[in-house]
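The structure that follows is given in the form of structure tokens.
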Amino acid sequence: MDVEEATARVPMRWVGPIKIGGKVVDGEVEVPLATYESPLWPSVGRGAKMSRLSERGILATLVDERMTRSVLLEADDAETAVAAVRQLNDDLPELRRLVSERSRFAELVTMNHQIAGNLLFLRLEFTTGDASGHNMATLAADVLLTYIVASVPGLRYSSVSGNYCTDKKATAVNGILGRGKNVVAELLIPREVVEERLRTTARKVADLNVRKNLIGTTLAGGIRSANAHFANMLLAVYLATGQDAANIVEGSQGITHAEDRDGALYFSTTLPNLIVGTVGNGKGLDFVDANLTRMGCRESREPGANARRLAAIIAATVLCGELSLMAAQTNPGELMRAHLRLERATPEKEAV
Amino acid sequence: MDVEEATARVPMRWVGPIKIGGKVVDGEVEVPLATYESPLWPSVGRGAKMSRLSERGILATLVDERMTRSVLLEADDAETAVAAVRQLNDDLPELRRLVSERSRFAELVTMNHQIAGNLLFLRLEFTTGDASGHNMATLAADVLLTYIVASVPGLRYSSVSGNYCTDKKATAVNGILGRGKNVVAELLIPREVVEERLRTTARKVADLNVRKNLIGTTLAGGIRSANAHFANMLLAVYLATGQDAANIVEGSQGITHAEDRDGALYFSTTLPNLIVGTVGNGKGLDFVDANLTRMGCRESREPGANARRLAAIIAATVLCGELSLMAAQTNPGELMRAHLRLERATPEKEAV
Amino acid sequence: MDVEEATARVPMRWVGPIKIGGKVVDGEVEVPLATYESPLWPSVGRGAKMSRLSERGILATLVDERMTRSVLLEADDAETAVAAVRQLNDDLPELRRLVSERSRFAELVTMNHQIAGNLLFLRLEFTTGDASGHNMATLAADVLLTYIVASVPGLRYSSVSGNYCTDKKATAVNGILGRGKNVVAELLIPREVVEERLRTTARKVADLNVRKNLIGTTLAGGIRSANAHFANMLLAVYLATGQDAANIVEGSQGITHAEDRDGALYFSTTLPNLIVGTVGNGKGLDFVDANLTRMGCRESREPGANARRLAAIIAATVLCGELSLMAAQTNPGELMRAHLRLERATPEKEAV
Amino acid sequence: MDVEEATARVPMRWVGPIKIGGKVVDGEVEVPLATYESPLWPSVGRGAKMSRLSERGILATLVDERMTRSVLLEADDAETAVAAVRQLNDDLPELRRLVSERSRFAELVTMNHQIAGNLLFLRLEFTTGDASGHNMATLAADVLLTYIVASVPGLRYSSVSGNYCTDKKATAVNGILGRGKNVVAELLIPREVVEERLRTTARKVADLNVRKNLIGTTLAGGIRSANAHFANMLLAVYLATGQDAANIVEGSQGITHAEDRDGALYFSTTLPNLIVGTVGNGKGLDFVDANLTRMGCRESREPGANARRLAAIIAATVLCGELSLMAAQTNPGELMRAHLRLERATPEKEAV
């Protein structure tokens, strides 16, 4: 096959700038979005405009960061598993040393566990610098697993990953114990901007959020999630910045919360499981490097600071797209009209 | 910005062929995978080899297909909502007529509902030919919503989407009521192939599947899902075939089930929420068109048949990658060695 | 052991009356609550008072009713399972006949299915008159299972229950496909009653409901549920009316929705999985018989009507207790003060 | 109303003895079960017999214990919430002192948190001696809440409970972070006992557990749960020992894991959220006192030891009932035959 065939080319546009405040990012930032769904660009663009029309812009706050891998061990019985957990917690300094010895950037933060019958799931949690850290965590887990099986009596290898990590699956554990960056983005939009630019009211957006994102998702049997379309924005930024986009599965689990504050709209998006990095697989591609540079995520900073910046920008981007869609859905027919106007004719569209 | 900046270029390779049987596909098919994670190619390739070493290959079975949109209505009270549902069910022929009138391909199949307090969520279910059908369903929902609000007393518009659809969110409703293609892929691998090529045993794979995919995911608080990494394969085929890859969120919810059959390995992957199309957004790009053509999904067939073929191929691809990873994880250290061998050196890897 | 030892004696009180409207119940009804948690009585009592101070009282609406059992079958492969489902749907009249032949009250309503690999889960749905219907459904499932295994090629018995029913487990399927009575209770409380009697405002209750019941439960990883304490009221009425109280597990999955309507409080509790009966196990005990009689659930009505009446009364009771607790929690310290005042001194209390 | 009306009398029987080993209980223990479902008695009794026919009996292991309450605070913004969490963690010794000052038995173990937008959920975790600890935890939370609101700038009271506790709701958080006793019960049954007494094989039970409890529950959209009927046994022991039986909602979330070990059956039940106490509400009733005494849970031991003993006994009881039902369901028709034989004729039964 020739070179042409060896590349999937996803249309990409720069959107923004988004006005962002907070401890991680402070200023206006443009964001690249790679997607086959062209209406996403103006949608996020409209949200970005709202950020610029608000006094403080979007406040992005980093709550936590870590990368995890859960190894799976078979114990003689549950009593043995409990004793093993106790021994390993006592042994934490040695486990930390083993990890540091093998990696310049990975550090073992802590360990959680689950015991089911005779099975022991150890959830190893690391900081991994500017890398999203999948490979660092797996390699470190491999090292620790070898040590554990050799040093703890009554434990045997069952798997280097026991799905209690949890990677690329929508579960509850990541949000509760932490995995990836946990970021909150918040925006307070003045009443007149809500009414004139978003053509809606704060009350309408807050009520729709309750009915659709909270009650609707609950009725659908969602898990730790209440939002309209985080996945769309995440996919587009992930592809544009060389992330492993399969991580949108857990990344898209997050909460949209809106309040009517005397006519002003408080709108927030909480993303507890945002897996991102500025080094590692995919980050070496030319266009990715250029994008990250333009986003200010290639600066000389302490390890982890570039990745945190990227996470904050992504959370702000997600807020922009979420706000725009939610505002549109408060008005009958607006969403469809926007789609029909924005998309080029396609076979499906003609078909409709 | 110039053209170079306007494209995200995701590395792509053809893998296979995969040997597939069943009513939808019968023969050997190659599959394009676009991904930043290069170890995925040999991993799926190894699974494809297993399909060719098994007598019947992978049996792919289509269980169901439909696309959905849930509109959200505010009723005077729950009694009014119940009466409205009854009236609309009586009115189903007229609702169907309205949809057919506006669309050549969309057909209203059926309707489900949820009532919470005074809120009514109507889940409209359509067949949409060869399109994945997001836009068709939204347009049809828009048409129906206008009609419903006008003709049913005591109902008011609340949103064109009430998150009970559910699009790009991991929930339970899609698998229970159906959304996208529901496809099962099954493979029976002879004992000697399992032992010599996968370097494991059927018992080991079946036990690991129970411990990791079923128990591990349950402990993690997963929802209607038990697999190792469906998301990876889905993302790669979705990008290569112009799908809206944000649909991997619900697409990755599925079940891996394995059995030891006297030493032979029965291995299956069930994907109840596979959203795919061969026409629509993204399908007109040159490389997508070429890929779909090479996969045999651009033939002249009855409406929907090309999309069903694509769904069956994707399910088989998912099986290949899932099998390969699961077999690797039965052996200590194998996964890490494979990664280290296969990936080119990257900043993250050097960092480790 | 003597007779004294052979009975657990749970303290019981009558609470109310509750003012109830709607098609199922219309009037004032007292409710017996059996519980070791004495603060529940005044709590529900306060809610009952609110119902009497509101013009229409609590509107109770029955949305659906059915009892289910999911049998589990092993098929040769998924293709065989799909063919079996098709054959069984064609055969529905015969399946219905088989059920009616064995039971005076059970009727097969419909059938749902799930296919995972080669496994087929058939969810059989029945109406069961005034019985909650566990045994009727199991017996009918047993009869159908024997017939199915004998008449459908390629299917084998795996279990009479495959947990897709789902009995006494918290899952999503019951609310989505229906199990037990689905009942909505709604109350509109005038502004002055909210302020003077509940010492709060409609806005405060609505906001707390969003934060605690919707967002809080979502963060906790709840499944199809958003309420404060449905389980407490359910347990107490279930014990007092001879129900199988283990069904509070799924019964307690439900939605509280509140709105501020110009200062008046719209408050609703939706209970989609309420398993109740007025005949069957436990209903023959003297005190149960007396309680059901006093509640008006022993009248001569068409089959099912007494059970529907009981379901509506229970939903209204749940609303009363939920409203009271939610109102209390809007005020700092009120809940604790109420508990300390109402409970008799106990070892735990003294310990505190 | 007279005294007769003021008591719900639930039929109760003693079952066993169950042979239990491990660090918490060692010996044979009889268990009282109060239930309207009479077939439960022989079912648990059969399991108890299996424990006596196995060499070590049921090994009961306590993994963890704590009681929780999550308070809900409104922060100025997420940044303020993050700062508050940091300050409160620094302040942990003072928070602990405040709790100890007010309670002889409650101790603040640790604190977890969730931040969604501007909302802060603080999950306070306590040990509570022999009490299940609901009231202790609420009172302690009330004390801490008052202190927190007064001492941390930018935080306001929203609710004393934010549903992230989580009490009497089925969620993921309790099993992941811990709530109540976390107990594992394990039993290894010799091959001949499995075959002759349970009339099944280890392979059949292990396979059924995979298909029904793991896959079936997953398909049903269960949350952190995979068992057949934990709720039944829990309800019966809870009523007989004066527990707040509404806690079976989260108590019934647990995992059954079975393995075929060369024909012997390894069978385990893991109950991570078992809320029990031997002092507090309901424990002062005469029959409860007598029951706890007979179970050996009224001895003079260090605080908490009686409650741990009770938890271990309950976990073993759950294993007995679960084992019996699972074994029965491996054989077509056995469950129904047992029910028909064991239950007295009731209106429902006659109706069938």
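Side notes on the structure shown:
Note that the chains take the letters A, B, C and D in the order they are written out, and that residue 1 is the start of every chain.
One rule holds in what follows: a contact is a pair of C-beta atoms (placed from the backbone, for glycine too) under 8 Å apart; a residue touches a chain by one contact, two chains touch by 3 or more.
Everything numeric here is computed off the predicted structure, so don't read it as measured data.
Repeated interface: B-D and one of A-D, A-C or A-B share more than half of their contact pairs by residue number, and that pair is A-C. Compared on C-beta pairs in contact, A-C and B-C come out with B-C as the pair having more. Note: centroid distance subunit C to subunit D, computed from Cα atoms, is 21 Å. A separation of 34 Å divides the Cα centre of subunit B from that of subunit C. Listed for subunit C are residues 114, 116, 119, 171-173, 175-176, 215, 217, 219, 221-225, 255, 257, each touching two or more other chains.
Chain-to-chain contact here is organised exhaustively, every possible pair of chains being in touch. Listing the residues of subunit A that touch subunit D in their complex gives 22-23, 59, 61-63, 77-79, 82, 112, 114-119, 171-173, 175-177, 182, 184, 186, 221, 223-224, 255, 257, 266, 268, 270. Listing the residues of subunit D that touch subunit B in their complex gives 172, 175-176, 210, 214-215, 217-219, 221-226, 255, 257. Across the interface of their complex, subunit C is touched by residues 1, 4-14, 32, 34, 36-38, 70, 72, 102-106, 114, 116, 119, 121, 129, 131, 133, 135-136, 138-139, 142, 145-146, 149, 157-174, 176, 208, 211-213, 215-217, 219-225, 227-229, 231-232, 234-235, 239-240, 242-246, 248-249, 252-253, 277, 279-285, 287, 290, 329-330, 332-333, 335-336, 339, 343, 346-349, 351-352 of subunit D.
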